[in-house]
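Shared chain: chain A. Partners: chain B in the first complex, chain C in the second.
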Partner chain A sequence: MHDVIIIGAGPAGLSAAIKCREWDLNVVVIDEFPQPGGRLLGQLHQEPNGEWWNGIKETDALLQQATDLNTDIRCGVSAHHIEKTNNGYIIHTNEGILESQKLLIATGAAESAAPVPGWTLPGVMSIGAAQVMTNVHRVRVGQKGIIVGVNVLSAAIARELQLAGIDLHSMMLPIKSSVTAEHAHPKKVMDGLVRIAHLAPSAFLRFGSTFAKMNWIRHLAVQFYPRGGVKMWGMPIHVRKAVKEIHGTEHVEAVTVCRVTPDGEEIQGTEERVDVDFVCIAGGLYPLTELAAVAGCPFQYVESLGGHVPVHNDRMETPLDGLYVAGNITGIESAKVARAQGEVAGLSIAKSVMDAVELIEHGIDNAIANVLETRKAASIQFHPDIHEGRAKVAEAFVEHTQTQ
Partner chain B sequence: MTHKQMRIIDHPVLGAMNERDIMTFTFDGHTYKGFKGDTIASALLANGIRQLRVHEERGTPRGIYCNIGHCFECRTTVNGVSGVRACLTPLKDGMVVTSGQTEPVPLNSEHDVDELPRTYTEFIQKQKAHEAGDSDA
Partner chain C sequence: MDKMIICRCEEVTLGDIKDTAEQYDATAREIKLRTRAGMGYCGGRTCRPAVDKVLEDITGEKPGDQIPLKVQPPVRPVTLATLGGRTNDT
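What follows is the complex of A and B.
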C-alpha cells in the first residue's frame, strides 16, 4: 500500500510528486507515454518578453528535482480502471494492480477532432500529434501541410512546425458540418481569436490588434476578410476559407478548399485544389476525465474550462475522500498553471497523510496564491472566462460537500 | 524523402539532435533503422512509412492520428502481440512489427444503416413504435 499514486507524469503530476517526496511520502507516479513530461515535452513558444518557453528544458528541471528526491516514476504504464475501497484506491494497470491511500489524477487533456471528409487517410493527424513528432521525436511530419482549425493552440503549434523547417501552406477552417459547427463559423472563430489575442505571444498579438476589439469592427473584419488571408509568421490565416475534402489513395496528396460566407456556408464555384502531403486537424482541447468518472467523482460542465470537469476545491480535493485532481483535467489552461496546481495537490495530500501539520498549511496557502498569480500572468489563455469557470466549480464543490 | 531528410537534425531553438544509438527492426518483412528513444510510429515515419494498418473491414489505409495513445488508430502487431499502439511503444532492437490487416470475418451490421437511431431519443421512439406495432398485431 503506497501513500499516494499519481496518474500522469506531466507538469501537474511531477510537481505534485516533488511536493509529496519533500514530505517523504511513499509515492508512485505512472504514465503511459514512454517518457515523463506529458504534453509539456512538445511545448515551444516565445513569451511576450521574448524568452523561449522550452517544454523539454522545463521537463528536465522537474525531473531533476524528482530524481534528487528518489521519486518512483514508471512510464509505459496505462491505468484502465480505479476502485475506491474503504481506506484508499485500487488502480488497475497493464502492469498489474497498485494500491494507495491517496490518489491524484493528473491525466491532462485530449484533443477534440474537427473532422472533414478524407480525415482517416494516413498523413492526416491532430495538431498535437505533429507537435510531438516534431519537437520530441524530431521527425518531420511531411514536406508541405495545411492546418484545419484556427485557434490559439493551432497557431502556437504552426509556429513550432515552421521553426523545424516544415512548410505550411496556410491555416483555415474545417468545412461546416454537424460535428465541426463552431470551428467552421468565421464570426465565432474571429471572436475567439480577438478575445485571447492580447494575452498571446508576439505575432499573435499583432494578428489580434489588426482587428480592434469592438464588435462592429470584428463584424467588418469577417465581412471584408482579405482573400489572401492575414499573414502570421509569413503563413496566411484564413477565416473565410475552409478545407472541404482531403484526397489521396494511400496517403494525403491534396485538399480541396473553398471560400465561405461570414456564417461559414460554402460559396459555390470557389473550389480550389491545393497539393499537400500532410494535414493537421485542430479542434481544441478537452479535459481527459474518464478515470475520475470511473472512480465515482461528481462532475460539473463548464464551457470555459473545456467541458466536464471533476468537482474540486482550490486545494485540489474532490468530494471523494482521498481523491485529488490537478492540471488540465480540472480545465484547459497553460502548463504553468498545471505545474502550480500540482504543487497545491501535493501539499494537500502531504497534509492529509501527515495529520495536520501547521507548516504544510502555510505552504498550501502560498501554493494556492501562486496558482492565482500564474493564471493571471499566463501568456497563453485558452478561454477569456476562465475565472468565472473556476468559481463555478468551487461553488459546485461546496454544494456537494454540504449535501453529503 | 530519404531517411535523413525526414529527421530534424538541426533546430534553431532546440539545438542539434543528440547522438542516439541506432536500432534495427522489421516492418512487414522489410528491415529499417531507427533511433533509441523513437517510438515504433516515429521510427516508421522517419523512414517515410505512414500507413500502419488498414480498416479491419473496408481495407482502407490508416496511420497515426493523435500520436499520444488516445485514438488507437496506430494499432500494429509487435513480436506477435496484436493491437499494440505504435505511438506509445518504444522501439527496440530486433523488433518484428507487422501492420494491422483486414479481419477474415467482416463485422457487417445486419441493419440498414439509415434506419438505425441516431440519438437515444430516436432509439426510444423507435422502440415505442415497434412495441405499439407488436401489440396491434
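What follows is the complex of A and C.
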C-alpha cells in the first residue's frame, strides 16, 4: 500500500509528486505515455513579454527535482479502472493493481473533434497530434496542410509547425453542422479570439487587439473581414471561410473550401479546391475525467472550464475521501496553472497523510495564493468566465460536503 | 453531410444518429444503446464531445452536471489477460 498514487506525469502530476516527496511520502506516479511531461512536452511558444516557453525544458526542470527526491515514475502504465475501498483506492492498470491511501488524478485534457466530411481519411489529425508528432517525435506531418478550427490552441500550434519548417496554407473554420456548433460560427469565433488573445503569444496579441474589445467593432470586423484573411506570421487566418469537405482516395489530397456568412452559412457558388496533403482539426480541449467518473466523483458542468469537471475545492480535494484532482482535469488553463495546482494538491495530500503539520498548512496557503496569482498573470486582460467557473465549482464542493 | 462518420470505432454516421433520434424519439442514452455511438474501442474518448453535441442539437437536451453518457470501466482497451489478473503476458 502506497501513501499516494498520482495518475498523470504532466505539469500537475510532477509538481504534486515533488511536494509529496519533499515530505517523504511513498509516492508512485504513473503515466500512459512512454515518457513523462504530458502535454507540456509539445509546448513551444513566445510569451507576450517576448520570452520563450519551452515545454521540454520545463519538463526537464520538474523531472530533475523529482529525480533528486528519488520519485518513482512509471511510464507506459495505463489505468483503466479505479475502485474506492474503506481505506484508500485500488488502481487497475495494464501492469497490474496498485493500492494507495490517497489518489491524485491529474489526467489533463483531451481534444474535441470538430468533424467535417472526410475527416476519417489518413492525413487528417487533431491539432494536438500534429504538435506531438512535430515537437516530441520530430516527425514531419506532411508537406502542406490546412488548419480547420480557429482558436488560441490552433494558432499557437500552427506557429510551432511553421517553426519546424512545415508549410501551412491557412487556418479557417469547419463547415457548420450539428457537431461543429460554435467552432463554425464566425461571430462566436471572433468573440472567443479577442477574449483569449491575451493568453497567446505576442503575434496573436496583435491580432486580437486589431479587432478591439467592443462588441460592435467585432461585429463589423466579422462583417467586413478581409477576403484574403488576416495574416499572422505570414499565414492567413480566415473567419469567413470554411472547410466543407476533405478529399482523397487513400490519403488526403485536397479540401473544398467556401465562403460563409457572418452566421456561418455557406455562400453558394464560392467553392474552391485547395491542394493539401494533411489537415489538422482543432475543436478545443475538454477535461479528461473518465477515471474520476469511474471512481464515483461527482461532477459539475462548467462551460468556461471546458465541460464536466470533478467537484473540488481550492485545496484540490474532491468530496470523495482521499481523492484529489489537479491540472486540466479541473478546467482548461495553462500549464503554469496546472503546475501551481499540482503543488497545492501535493501539499494537501502531505498534510492529510502526515496528520496536521503547521508548516504544511502554511505552505498550502502560499500554494493556493500562487495558483490565483498564476491565473491572474495569464489573464492580463482578465477573463471573467474562468473565475466565475472556478467559483461555481467551489460552491458545488461546499454543497456536496454539507449533504454528506 | 449525413454520411459523415461521427463515431469512428463503431462507424456510426451523423445520419444514423439523426434517424434513430427521429424514429424512436430517443433520449441520449437510448441513442447510444441503439447506434453504439461512443461504445467502441476508444470508449468514446474521441467522439464523446461530438456525440454529445449532435444529441444536444437533435433532442434539445442541455448538458447537466451528470456526464451525459455514463463512463464504464475499463476506460482503456485492455487484454483479457490483464482483466484476469495476469500481467507481462506475451
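Quick note on the criterion: the second predicted complex is superposed on the first by the 396 of 404 C-alpha atoms of A that agree within 3 Å, B and C clash if a C-alpha of one lies under 4 Å from a C-alpha of the other, contacts with A are read in each partner's own complex, and residues count from 1 in each chain.
In this text, contacts are C-beta pairs under 8 Å (C-beta built on N, C-alpha and C of every residue); 3 or more make two chains touch, one makes a residue touch a chain.
Note that this is a predicted model, so its numbers are computed, not measured.
Taken together in the superposed arrangement on chain A, chain B and chain C clash. Touch criterion met: A:Val116 reaches chain C, while chain B stays clear of it.
In the superposition on chain A, A:Ala350 contacts neither chain B nor chain C.
When the shared chain is aligned, no partner comes close enough to touch A:Met316: not chain B, not chain C. Shared-chain residue A:Val337: touches no atom of chain B or chain C. Within the superposed three-chain model, A:Arg140 lies in touch with chain B and out of touch with chain C [touch as defined at top].
Judged by the touch definition given at the top, the superposed model places A:Leu44 against chain B, while chain C stays out of reach. Once chain A of one complex is fitted onto chain A of the other, the partner contacts of A:His251 are limited to chain B, with no touch recorded for chain C. In the superposed model, A:Ala164 lies in contact with chain B only, and not with chain C.
Applying the stated contact rule after C-alpha superposition, one finds that A:Ala367 touches neither chain B nor chain C. Residues 32, 78, 110, 120, 288 of chain A lie in contact with chain B in one complex and with chain C in the other. Taken in their complex, chain A has these residues touching chain C: 32, 78-82, 92, 94-97, 110, 112-120, 177-179, 181, 283, 286, 288-291, 293-294, 298-301, 307-308, 396. Taken together, the chain C residues at the contact with chain A in this complex read 1, 3-6, 8, 14, 18, 43, 45-47, 49-50, 53-54, 57-58, 63-67, 70-76, 78-79, 82, 85, 87-88. For chain B in complex with chain A, the touching residues are 1, 5-9, 11-14, 17, 37-39, 42, 45-46, 50-52, 55, 60-71, 73, 87-90. Against chain B, the residues of chain A that register as touching in their complex are 32-35, 39, 44, 52, 54, 56, 76, 78, 110-111, 120-126, 128-130, 132-135, 137-141, 143, 163-165, 250-251, 288.
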